[in-house]
Structure formats: C-alpha cells, structure tokens
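Each of the next two complexes has chain A plus one other chain: chain B in the first, chain C in the second.
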Partner chain A sequence: MFHWLEKNPFFFAVGVFVTIAFAGLIEILPNFAEASRPVAGLRPYTVLELAGKEVYKKDNCIACHSQLIRPFKAETDRYGQYSLSGEYAYDRPFLWGSKRTGPDLHRVGNYRTTDWHENHMWDPQSVVPGSIMPAYKHQFKNIADLETAYAEAVTDKNVFHVPYGDDIQPGKKAWEAYKPKVLAEAKKIAADMKNQDVKDAVAAGKVPEIVALIAYLNSLGSSRYEAKK
Partner chain B sequence: MNAFILKALGFAAILIVATLVVVKQMNIDLSDPINALTILGAVAIATLAFGVAAKYMSQMKTDKAEGELAEDNWDGIGEYKNELPAGWAYSFMGLLIWALWYWQFGYPVNAFSQIGQWNEEVKAYNKKFEEAHKTTDKATLKEMGESIFLVQCAPCHGTTGDGLSGKAQDFGARMTKAQILYTIKNGQHQLNYPMGAMPPGMASGKDAEEIAAWIAGGMKGKQPAAFATCAGCHGADGKGNNGMAPNLANYDLTLVQHVLANGKKGAIGRMPSFKTRMTPVQEKALAEYIQSLSE
Partner chain C sequence: MQSNAALEYDYSVAKLFTYTTILFGFLGMTIGTLIASQMAFPELNYLLGEYGTFSRLRPLHTNIVIYGFTLSGIWATFYYSAQRVLKVSMAESKFLMFMGKFHFWLYFFGALAAVVSLLLGITQSKEYAQLEWPFDIVIVLIWVSWGIGMFGLIGIRREKALYISMWYYIACFLGIAMLYLFNNMAVPTYFTSGGLGSIMHSVSMYSGTNDALVQWWFGHNAVAFGFTVPIVAMIYYFLPKESGQAVYSYKLSLLSFWGLMFIYLWAGSHHLLWSTVPDWMQTMGSIFSVVLILPSWGSAINMLLTMKGEWNQLTENPLIKFMVLASTFYMLSTLEGPIQAIKSVNAIAHFTDWIPGHVHDGVLGWVVFMIMAALYHMAPRMFKREIYSKKMMEAQFWLQTTAVVLYFTSMWIAGITQGMMWRAVDEYGNLMYSFIDTVEVLHPYYAIRALAGVLYLTGFLMFAFNMIKTMTSSRQLTEEPQFRSPMA
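Our next item is the complex of A and B:
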C-alpha cells in the first residue's frame, strides 16, 4: 500500500492531510467541548432579556463596549471577576466586542441598577460628567420586538438544546400564552423606573426597548448563575 | 581490535591526561560533584570521539561490499538487508517511555496557567497593600477614599457625593426627612445588622414627623420624646449602639461596610452590593472620605 502511495503524490497528499486533520481533531475538539459547557447553574436568557440583547445589537453597543474581562489585575479591579468561557454558553452570538471606547459591560449587572441605566441612557452626561456616550432617547419610545425574541428562544431550545422550560413552544398560540410572563418581568423593571411614558406603555402591554435593554444589562454578570444560592 | 584503534585510544589517553593536568593546575575542587561530573564528561567525550571515529575509519579500510540485497532498487542503486541494531531498538523504546512521561507530566506548558498567574499577582498585591497600610494615617486614608469614591461610587453618587440631584444618596447630610419617614413607614431589613430587622411602622403621625425632622436637622436641640422608641436599638445618641444597629448620626465605618456588603433598596432606588470589590483597608478609606463629605 505504501509503495502505491509513493507513486501517487495526490493520494499521498490526501493521506497526509487526513492524518494531520485527525490528530488536530482529537487535540482540539475535547478541550473545546469542555470549555463551551455552561458554568454550573447558568440559566438561559429570558425572552425579555433576549429582546434587550437584540436592542444591544441593533444600537451597536458592541462598537464601543466589550463583554470580556481578561484575567489581569487592572481589569478585575475595575470590572470584577474575569470572564469564564462557560458564561457565554447561551450567547448566540457572543458579544465580546473588540474595542473599548466605553467600559467593559460583562458584569455591569453587578454594580449598576435599573434607575441608573434609565438616567444614563436618557442623558449619559447627567450621571457621568465628561462622558462621550450619546443619549439613546429613542429607546424610551421604540417598542421592543418581543415576538422575534420569543422565536429566538424557541430556536435556541429546539436547535441548540438550550434548557428552556416546556412553556416555550413554537407557534403563535404558545406565544400568546407565554406573553404575560414577559410582561410581568417588564413590569418589575418598569416599577424601578421613573419615566411615566415607559410605565404607561408597559401597563398597556407594550414594552419599550429601554425596558428590554435594562433587563438584559441587569442580567449581565454573576446574577445569572448565582441566583440559586 | 587493530593497531589503528589502539593508536586512537592512545591519542585519547594523551588528551585525557592533558585535561587532568589543566584541571590540576587550575586548582579545581574535584570534591564538588559538579566539577567531578564535568571531568567525567570530558573523559567520556574524548574516549568516545576517538574510539568511534577510529572504529569507522578502520571499517572503511577493511570492509567489503557484501550481504543480501533488499528487493527495492532505485535506478540501479540497491540496499543491503541489515538487522536493526539493538542499541537503536532499545533507544527507541526508551524514547517511547520518555514521551509518555513528557506528555503527561513533563510538558513545560502544563506548569503555566493564566488564571494561576492572576491569582498569584492578586495575592501578592493584596499582601503588599495590607502591609503598606497597616498604620496609615487619616489624611492618607481620606485621599485613598476619594480616589475609590471617584471610580466606584461617583457614577451614581456624583463626583462631589451630592447624589446627582436625587438620583442617589446625598452624602452632604446623613438622611433627608423624606428618607427617614420612608424607613419608619416601611421598616428596614436589608443591612443585616446584629440587631436584626426594623419592623415597619415603629412610629406614626406626629411622632414620626418629629423624629424625622430632628434627625434630618442633624440631631440638634431637644430630643423628641418619641425618639425613645428608636433609642432602644439605635442608642440614645442615635449612633447605633457600637455597631449593633445603623448609625443615624453619621456615616461610620460599620454603616459603610454593611451597605457595601448588602446593597440597599430604599426611598431613592436600589444600590447593588459591592461585596468583593474592596479590601478592608479600602472600605476604611471610603468610610473616612464619606464622613468628611458631611462634616
């Protein structure tokens, strides 16, 4: 067989490729599978938080904010505990970012609150003097797309086996049945807010983008896996 | 063994003697095992170099091309069938064993971990920090507290600690009348003081108003009679019975520590817990600075 291979350079090259690729697979795949497992107790994003994640992507927060704290003392002092790969297990896609014009946000839920975000998104300079972040007042008016977020949760559950409950099922009917849970969560956030338009909208069953975004920002950090303690 | 090999070994012997003479002249201490090993290595190299070189040179002189030819033939160039030398085989097996050891234990990268390096760095820094600030005076603490405040607290409480017009606690005074009334009405159970939870409705109506006005006014003038209810836990002077209950008069270290550890949701809004974000010295510094804001 080897004599035959020596006389056929093409198949020899194929053989070399297969051998090296196989070695690569058994070296890389197990480590990768281990590291991408969710950290113990991690819960998936709620539908409201997923809607907020969409707002985060839509308004391009990732252009200025990272979500990855590296294990350097200077970073852990400022942003908290370094990030673990298992914390991103339910992030599709992850929003690590590559540019820090503003601070890292991976643990922002640990040290900022709903009312702070409300003030900050309305007028950043009112809480952070000298901040160059623009205001995001439109988020107080625009209504978040909860249905798409719900569809995202259904896909995550059915395709990627993200452990959502049995109440997340495909179809308009299932969504109608699920909607009150999302609204209840939004009401909790709105209760901590001061903007009357936002409160009125939530009471009327419409969730402004700011509420979803704040739910998402509050979920960033250790609260998603420490809540059970 | 032929004459050629003997000559080579003789030459090696001369080299070894020369080495020993040099060692003798340089007064090298041979009782030191490192030096002894080096000498031994030099002797071995000399012997092997001349011995092996002589063996092959004599072989080139005397050997004839003979033996059984292997089947393979490359444009007329053939190869004899040779037995695998035993030395090679043993070295190869030895290498296999060494490789197993190297993969499992010896691989140098196994000894490094980024997280381990971070742990060491933080531990060393914290130790140095505690050491350096064991006996720090008030002025240094206050200065340290201010820089901590600007990084950790200012985003909500403002760079001057004024609470950004009602967005967070104003450190210019201990509590406003509205805050005191809110706490009396709703109770307080979030700070985990040894005294335990404060039940809602400890005072009401005119009594509550009087207490709130007196505390918010800086506890000056005549103490209202209704304050006796509060004094049971907070002390007759309102200073919290040496850390048993929150201090109502000023921001002492115990109060700062309890709020940092537990966070709080009160009349203004929610403050998250800052539990693991500061060292004890930093908490002390922060308390020092916050106290200075209301003085």
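Our next item is the complex of A and C:
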C-alpha cells in the first residue's frame, strides 16, 4: 500500500491529511459547547476594560505574565482561588500566557490598587526593588483607542451573543452616544491617580493607555462575578 | 539516487530564499540576543523607546526566526532538492518559474510589512500567530503559491516514486495550512460595527478555554510541521547526498513518517496541563507526548545508522559534523519534551525558563544546524564555487556547539530553581519566597544565557561571511561535485 501511495501523490496527500486531522476532530471539537459557558453572574468587560486589554496585548504583557492559577496549594496561597474555565468565557483571545518571568495576574484586581499600578508602570523598581520589568512610561502619553474597543464590544454582542446592554449598537451615532459612559468610567480611575498630565487628558476627553490598562487590571479577579451574588 | 547529467536544474528561486535565510537569521538572532541580555541587564530595555522593551521585541524575535529564517530555509532547500528528487527542472515550466518568483517576492514584502506591524504592537496576542487578519490573508496566498509550485513540480515529474523528503514537504504544506487557518479564525471588528475603529483589529472566533485549546493545538504543531517535519525532509536528502551513503532503512523511515503524522497532533494539550482544559485531554496530551519518542527517535536513529561504517567522515568533513550533531540534538530535544509533558514534572517546569531552554536546544542545535548544513551543501552546487573556508566552518561548529550547551544548561538550572522556589514552604506550611526572590536568584543564569546568545550569533555571522565569500570570491568549479562538498 505504501509503495502505491508514494507513486500517487494525490492519495498520498489525502492520506496524510486524514491522519493529521484525526486528532483535532476527537480532541478539540467535543469540548466547544461545554467550555464556553460563563460562571454564574459573570459580567462582560466594559468598553474601557476592553481598551485596556488592547494595551495589555499591544505591549505584550503575556510575554512575562500568565493569567492561569493552577490548582496547587503553593499557587492558591500566592495568587488566590485557582482559575475556573467559566471565568474566561468572555476572553477573546485567551491571555493565559506560557511564561512567568513576573507573577500571575489572573486575580491581580483582588489585591492591587489603581495607585499601586500607577507607580509600578511608571517605575517598577520603586515598588518592587530588584524587579527586571521595564517601565512603561509611554502608556501615560499614548491615547487609548476607545473606538476600536467599542467596535469589539459590538462584535462580541452581535456575533458572539455576549450579554451587553441595548446601548451597544453599531455605527458612529451609537458610539458618540455611548462615549460619555466610557469617559465617566475613566474619570473614576483617574481620580485615584496622581499624575497631573493623565488627569488633564482624561478631563479633556482623551484617555491615556495607562487609565484603560488599570481599568482592565482591576477587573481581573473575582470582582466581575462576585459583586452580583 | 543517481545524478542526472543531462538535466540542468534552475536554482534562481532557491538562491533568493538562501539570501533571506541569511538575512532573517541574522536579524532574528540579533534580536534574540538583545532580549536575552535584557533579562540579565534590564537597562537594555530603553534603547528604542516604546519599541525596544522586552515584551514588544519578543514576538519580533520568535516571528523572524520562525517565519523569516526557518521558512526561508525550508523553501531554499525545497526549491533546490525537489527538482532533484523529482528529476525535473524549474526551467522546464515558465508557469512554475513564475509561481516560484511570485512566491518569493510576496513572501519577502509580506515579511517586511509584518515586522513593522509587530513593532507597532498590532497583534492578536496569540503566540506564534500574532499577525492580524490582513497579514493572515497574505500568508494564505503565499502558502497557496508554494502549494501550486510544489504540486506543479510533482505533476510534471519524471521520477514516479516520491522520495522520503517529498513526503515530509507535503506534510509540512498540509499541516501548516490546516493549523494556521483554524487558529487564525477571527472576526474583523471594523466590518461588524458599522465602520468603527481600526480596520486591522479582529476578535478571535474562540473564547477562553476553547481558544487555548485551538491555540496550543496550533502552537505545538506549528513546531511539529515547521521545526520538525521539513527539517527531517532536509536531513533525509542532504545527509545521504553529502556522505554518499544510502539511507539505512526504508521500513524505519515509513514507520517514523506515518507514526509522526498520527501522533504529533494529539500532543498539543501538554501545553495546557493543570489548566481548565478537561482532564482527559490533558492526559491524552501527556501520553501521546511520551509515545512521540518512537517516531522521533526512529528518524534520528535512521540518520545516525546511515553513517554506519563511515564514521571517519565525521572527522574529515565539518558538514557531516553539523548534520550528525543536529540529529543528536533532535534526539535530546525529543526526549526532553516528553519528560516535561509528564504531569508531575510539568507542575514544576511549566511557566519557567526550562521551557525556552527546551525550545532552544531543539532550534539552535537541530533546526539551525541542519539548515546551515543544507545551505553549505547547496552553495557549491548553486554558485559553482567551492566553500570558502573549511577552517572557519570548524571554528563555527565548536563555537555554536558551546553556545547551545551553555544555553540549555543555564536554563535547566534556572527553570528548576524557579519551579522549586515557587512551591517551597517552611515548617508551618507558609510560602518561603516572595516572587521577587525567585527573580533575583536567576540573574547569573540569565547572564550566562546572554553570553550563549552572543557566541551563537558570532557563529552565525561566521556562517554568513563564509556563505557570502563562497558566492562571490571562492575558487570556481568546473563540474558539479558528486557527494562531498569541496571546501578550501
């Protein structure tokens, strides 16, 4: 049979394809319906948090930070309750990471504050002496792309049926109407910060990346579903 | 395989890809050395402002070495060896020649644009699949043009039976096509939101645990079909060609090919042990990873036994040395991987530096060594000149071998130290170390790894220099060398 296959490239290619596709069919497909169910009461990310998630992706935090607490005592002691599948239901993409040069962040919102993040992102060594993390001062200047984050929320709602409210609708008009809500949320974060340039920018309707990022980091943890219980 | 004197093979496309292999290899390894140094000396993060942090540069390093260096190497060797094993010249078909050149130029400009987009931070944040959807479309076009070239050549072949190398190139083509398509399924938000925001942005079709499953089914097997399968294709062609020895066993090559095809895909979930992925999938990933030793070692042993009775060549020909060491590192790496995939070992190893250590003994020792050896073998035949310097090749071999050993030993120690410190508890059951303790203790190992990077990069520069000299100013050859590559 193998000699025959080697002389018939078409059937050879079909044979190879079936052999390699087999594992995916059995291992990946069956899980889809089950694992995408959210834990009870989980709320979707707000638009500001989504913009923060984009900053997290852009500066590629997953190169050094995981968002997956494994079910070991050493990990739950350090980071809190181990991660549940349903907590990730609204994470597109998943941001578990594969390397912990720095600590896990899946519940960082449970034990760090806006103030802590502000100091840490500006100068990590001032908060954690000996840290090898670089400063991310450009996040205090760069303006977050709120419109793209809103576009993502619209997509999540309309394509993937993520339970956003009726005020999330496609089109420029809907976005203009929604924008004040995002700015109000940003102002709350900025109120807890001390950097005057950031406060001024937010007051002028421009949200620096750091504000969105802190909103996102604060949302990581059990606050997104425990508050509703 | 006999040489066919009547047929004049056309190497114009193979040459183009040879140049980009050298270019992207230099670029990717330079960035790699820089980011390795940043972990030891964090001040190096501020060389390029926002664009120079470790986090921004790391995907640039991985993408350039995988999709720049390795893919170029795969295609350079493909456009060289496929003609020869199929006994047909690219020059015989204007269409295939055009497709080959189209393939190259689309790839080259696509790759440059991709580099810029990663520097700007435009990313899906899925490892090794960072590029956003417009790039994915370009990549599909590049892939399809390779497919047309490959199956076109097969269509007009004179040698009816496909040689082993061709099996692996076909598998590389099909495997990556399937994995890449499914993992990059995403919805561009611009079109679903009535024209809001950035046109580059997209949302993954899968969420959370499902996304993780698809991503690591892709991630692990991109390694399989990018770093293993086509590299095995190379060694099956170039080792017998360089040594003049026949492949040791046809049956063993059959067993390891079909075994590898069937088993590799199951192993992806070993990247997700102890995660929220269902337990049975984790166990499957673990078991199949261990079974994977069989076909991997099958190929490697087949290659080593091909040298049976001719081991003296190892001392006389540095090219054989590169290939034999590549096989050996392949064996080391494919034993180390399954060990890390055992659940209890993984509990310590996962998230630590042992993982990059494992990746690099595979890629530096196996992938890069094999690609360099293949290009060294091709150079005298493509450029009709002898290899510029044997001495330099010897020196390069030892320099880079030292570098690989330094790299993986330092990362073994770093990884296991880290893993043990994270879980260490005192007599009352409290954690013994704060996280920063586990970072500070690694400094010497990061410094050693950075040194390993500098050594390896130096070796690669010697390779590049040797190749460029071979292309331009080495002694010309009057006829094509039969087996052993001539070198000065």
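One rule holds in what follows: the second predicted complex is superposed on the first by the 196 of 229 C-alpha atoms of A that agree within 3 Å, B and C clash if a C-alpha of one lies under 4 Å from a C-alpha of the other, contacts with A are read in each partner's own complex, and residues count from 1 in each chain.
Quick note on the criterion: a contact is a pair of C-beta atoms (placed from the backbone, for glycine too) under 8 Å apart; a residue touches a chain by one contact, two chains touch by 3 or more.
Keep in mind the model is a prediction, meaning the values are calculated, not measured.
Q: Is A:Trp116 contacted by the first partner chain B, the second partner chain C, both or neither?
A: In the superposed model, A:Trp116 contacts chain B only, not chain C.
Q: More chain A residues touched by chain B or by chain C?
A: After superposing on chain A, more of chain A is contacted by C.
Q: Using the superposition on chain A described above, determine whether A:Tyr216 touches chain B (first), chain C (second), both, or neither.
A: A:Tyr216 sits against neither chain B nor chain C.
Q: After the superposition on A, what does A:Lys172 contact: first (chain B), second (chain C), both or neither?
A: second
Q: Scan A:Phe72 for contacts with chain B and chain C and give back first, second, both or neither.
A: After superposing on A, A:Phe72 lies in contact with both chain B and chain C.
Q: In the superposed arrangement, does A:Val127 touch chain B (first), chain C (second), both or neither?
A: Touch partner of A:Val127: chain B, not chain C.
Q: For A:Tyr164, select first, second, both or neither according to whether it touches chain B, chain C, the two together, or no partner.
A: Neither partner.
Q: Check the residue A:Leu95 against both partner chains and state whether it touches chain B (first), chain C (second), both, or neither.
A: second
Q: Jot down the residues of chain A that show up as touching in both complexes, chain B in one and chain C in the other.
A: On chain A, the residues that contact chain B in one structure and chain C in the other are 71-73, 78, 128-129.
Q: Mind listing the chain A positions that touch chain B in their complex?
A: Touch list, chain A to chain B: 71-73, 76, 78, 80-82, 110-116, 119, 126-129, 192.
Q: Sort out for me which residues of chain B touch chain A in the complex.
A: 114-115, 117-118, 121-122, 125, 151-152, 155-156, 158-159, 164, 167, 269-272, 274, 276-277
Q: Which residues, counting only chain A, touch chain C once they are in their complex?
A: Going through chain A, the ones touching chain C are 2-3, 6-7, 9, 12-13, 16-17, 19-24, 27-28, 31-32, 34-36, 54, 56-64, 66, 68, 70-75, 77-78, 83-85, 87-103, 128-136, 138, 142, 145, 147-152, 154-156, 158-160, 170-172, 174-175.
Q: Across the complex, what residues on chain C touch chain A?
A: Listed in rising order, the residues of chain C that touch chain A are 38-39, 42, 45-46, 49-50, 53-56, 58-59, 121-127, 151, 154, 160-162, 167, 170-171, 174-175, 178, 182, 187, 189-190, 192-198, 201, 203-204, 206-215, 217, 254, 258, 261-262, 264-266, 268-269, 271, 274-278, 281, 284, 347, 350-353, 355-356, 422-425, 430-431, 435-436, 439-440.
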